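The structures come next, written out as structure tokens.
Below, chain A partners chain B and then partners chain C, in two separate complexes.
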Partner chain A sequence: MSQPVDRFEVRLAGSGGQGLILAGLILAEAVAIFDDRNATQTQSYGPEARGGASRSEIVISDGEIHYPKVISADVLLAMSQEACDKYFYGLKPDGLLVVDSGLIERVPSSRAVEAPITRIAQETTGRAISANIVALGLIGGLTGVVSRQALQRAVTARVPEGTVDMNLKAMVAGWEKALEIIERGGVGPD
Partner chain B sequence: MSQPVDRFEVRLAGSGGQGLILAGLILAEAVAIFDDRNATQTQSYGPEARGGASRSEIVISDGEIHYPKVISADVLLAMSQEACDKYFYGLKPDGLLVVDSGLIERVPSSRAVEAPITRIAQETTGRAISANIVALGLIGGLTGVVSRQALQRAVTARVPEGTVDMNLKAMVAGWEKALEIIERGGVGPD
Partner chain C sequence: MAAPRMMQGNEACAAGAIAAGCRFFGGYPITPSTDIAEYMARELPRVGGVFIQMEDEIAGIAAVIGASLGGAKAMTATSGPGFSLMQENIGYAAMTEVPCVIVNVMRLGPSTGRPTSPSQGDVMQARWGSHGDHPIIALSPASVLETFELTVRAFNLSERYRTPVIVLVDEVVGHMREKVTLPRSEDVKAIDRIRPSEPPEWYKPYGSSPNDVPPLASFGSGYRYHVTGLHHDSAGFPTDRVDEVEPWARRIFRKIKGSVNHIAQYETDGVEDARTIVVAYGSVARAASEAIRVARSRRRKVGLLRLKTLWPFPTRVIGQVCREARRVIVPEMNLGQIAIEVERIAGDRKVRRVNRIDGEMITPQQILDAMEAK
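Moving on to the complex of A and B:
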């Protein structure tokens, strides 16, 4: 993604406790502070937040961002079945759906990228909680919306003290997985 | 603020590293998850973020929130002179300006609440970094936009492990300061 970006919308959706808000912050800071674009990152809390759902929306542009919420997503990361079902129809027709195949049974598209995100986190770092950062690496590698270096710097700047190495490993594991998927020619079950 | 809220806009502005993004998350989660209203919380990153400025915007409503950014703030917290100068004109005419009097020399309004937020943090917890949570307590106590209990629960849920007690102390110190200011009849230098 070295060409100018007019407006690129990412939605991360799943359950509370999966760290998707932190992931959204990191992605926005990576592209804006380290990759020199503009970005906004928004959380909206309504009744569904009280039910345990969580989502973060990131808008990336080289120009000014007039409306900071997702209108029609270029990328949807779904980390729960509920999130997948709810937000799939908010994805652009040619948008990228990325799902955690260990958490989601019914994938509404045959063109989705299905990767066992939480399992990769568990196997790479010993901690399932780093799945959010695996997902960021995966999205970065698949889309090129953020440079690998910027994402590394933003992860380093934002994750809790003492967890930087673990989270960088998680990020690299996600990025490598993306390259493997691209090499294989793409989408569908892992 | 027990009557219905149509739209209440809060802007927290200062420098990177002051924890204003975390503070914004906590305020939004307090009102939405624990006080049962709706809320959005947005960060926007542009050239000023690369210069070290930081801001978080929270919109609170009992109805649907169609536009998640601040249009005309009801409350501005300014934690740097630059932020104060830049965002003062985005405050409603009867809006509340809260400044850290230890960090800001030129206050553009005689009706501002000036409190030594970072000094209170340092004196209460021994750590200036808890100034963001002192500020939340102060805003909560001054405006009633969030209940004390909801803010306590949101602080507890969101701050890093091992810092809950420190941050609850900081929050209470800010809240007590607000009550003292109200009792004194208000605004102006501390």
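Moving on to the complex of A and C:
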């Protein structure tokens, strides 16, 4: 189906408990409120509190957004093998696949960006749980779909009290990793 | 206007309720409606309201009816399984003509179904879920902002017509976050029920009145009257007299059906010269808008009729737009609950159904396929 030119779709997919729905909200809020564009965020998850499949979808545009779900993704973040296998074919042919190389063994594309997202979180903040924010920094740095300042403000506004500094560190680590990957010439294993 | 913010449909629903003057919430949490209860539990006490988590949904709606009789604007919020439990008391509210708002954030059923997945499977339950002939009002928002607006409207309609009003949100809209700028509460037009002006000894809670909506006295305000689910006379006491039973029933239908043009709201987009009309509501209307955008880029003459009110059914506008069209498409996240109504009115026009009951949202492509199919 022909897509409006002005429509950028991001799918964050993995397991329940990884914070992907919060990450989706932060990205959407960064774009819509702090960069003053338009964004919708929807979610799909199982009934479990932890585990089970979880995904968050963000549609970004400067115009009105009718359909709030992903039609074909410009960016897929895969934080589990299952999510990677399931959603890889929903990615545009020239779309960007970002995987956590510590969680995914079989990468279905030689053009994927493979980064040890959870390990970076652990090393930077001592908390693997901040991997979702590392991933946001990574996506922001790789795509430029959100400004660094806007993402910083949205992270500050939405993460739990007492974790702002930790999460900002995680975001910066992700963003710096993106710049390093671009510098290196892009894709492939780290 | 306040500053724009990212807000969920469920949050906007709760904010709309408070802006409309809701000061009582009774209910029981259930996915995907729980955000509404959480918001009300946090915010109602700040505006002098009361939040009660009851032992189940039956008690939740019972508490709401009681609070409304006490003079408060009251609501509950639930999803399919809880909505089923509430049915008997929704009929009680219709019978006793007690204003109240019931929000149902629809998830995939039947039974426990898929608790976190969207559906529009409760459209007919909203209409006929409670036993016995009774009128009902049901509204269906398609965006976060509209969830705020239609929740306000639900309260206003319930107060004006002394009737339960159902807000049918689907999970996509309930959980979706969008950028919204809500009106300030002083800019929200809230309608209050008419209270009696006559002395208590003359008051008839079910008496005749020019617009078929008798004034409603709050309990504790000095007016003593009887409330029962039995058929009752103008004073509220049980009656078997056929010359009281049927006129009452006719009146409660008249007060809603007679005002269908005021109650039923819809939006049209390019229906005037369209050969194909899509009739849609809730989140599915957004898939329809996207499909229509693409179809128009292929020079197809397509239009959208988006229903914001599902019950009473907007028969007249459906008839008008279907008359000019060759084909009518009704996409729904159920097996055709509104399509049946459209077919009833569309006469010999071809009505094509697009249905989905797997817990995923209907895609623009599915609607496009129905437009292109021979």
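Please note the rule applied: the second predicted complex is superposed on the first by the 178 of 190 C-alpha atoms of A that agree within 3 Å, B and C clash if a C-alpha of one lies under 4 Å from a C-alpha of the other, contacts with A are read in each partner's own complex, and residues count from 1 in each chain.
Following the convention adopted for this analysis, a contact is a pair of C-beta atoms (placed from the backbone, for glycine too) under 8 Å apart; a residue touches a chain by one contact, two chains touch by 3 or more.
Note that the coordinates shown come from a computational prediction; the quantities given were computed from them, not determined experimentally.
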First, second, both or neither for A:E29, with chain B first and chain C second: both
Partner chain in contact with A:Q149 - chain B first, chain C second, else both or neither: neither
Which of chain B and chain C A:P160 touches, first, second, both or neither: first
First (chain B), second (chain C), both or neither touched by A:Q41: both
Touched partner set for A:S72, first chain B, second chain C, both or neither: neither
Set intersection of chain A contacts, chain C complex versus chain B complex: 25, 28-29, 32-33, 38-46, 65, 67-69
In the complex with chain A, residue positions of chain C that touch it: 4-6, 31, 114-117, 172, 175-179, 283, 286-287, 289-290, 293-294, 297, 361, 363-365, 368
Interface residues, chain B side, partner chain A - complex: 21, 25, 28-29, 32-33, 36, 38-46, 49-50, 64-65, 67-69, 160
Footprint of chain C on chain A - complex, ascending: 1-2, 4, 25, 28-29, 32-33, 38-47, 65-69, 71
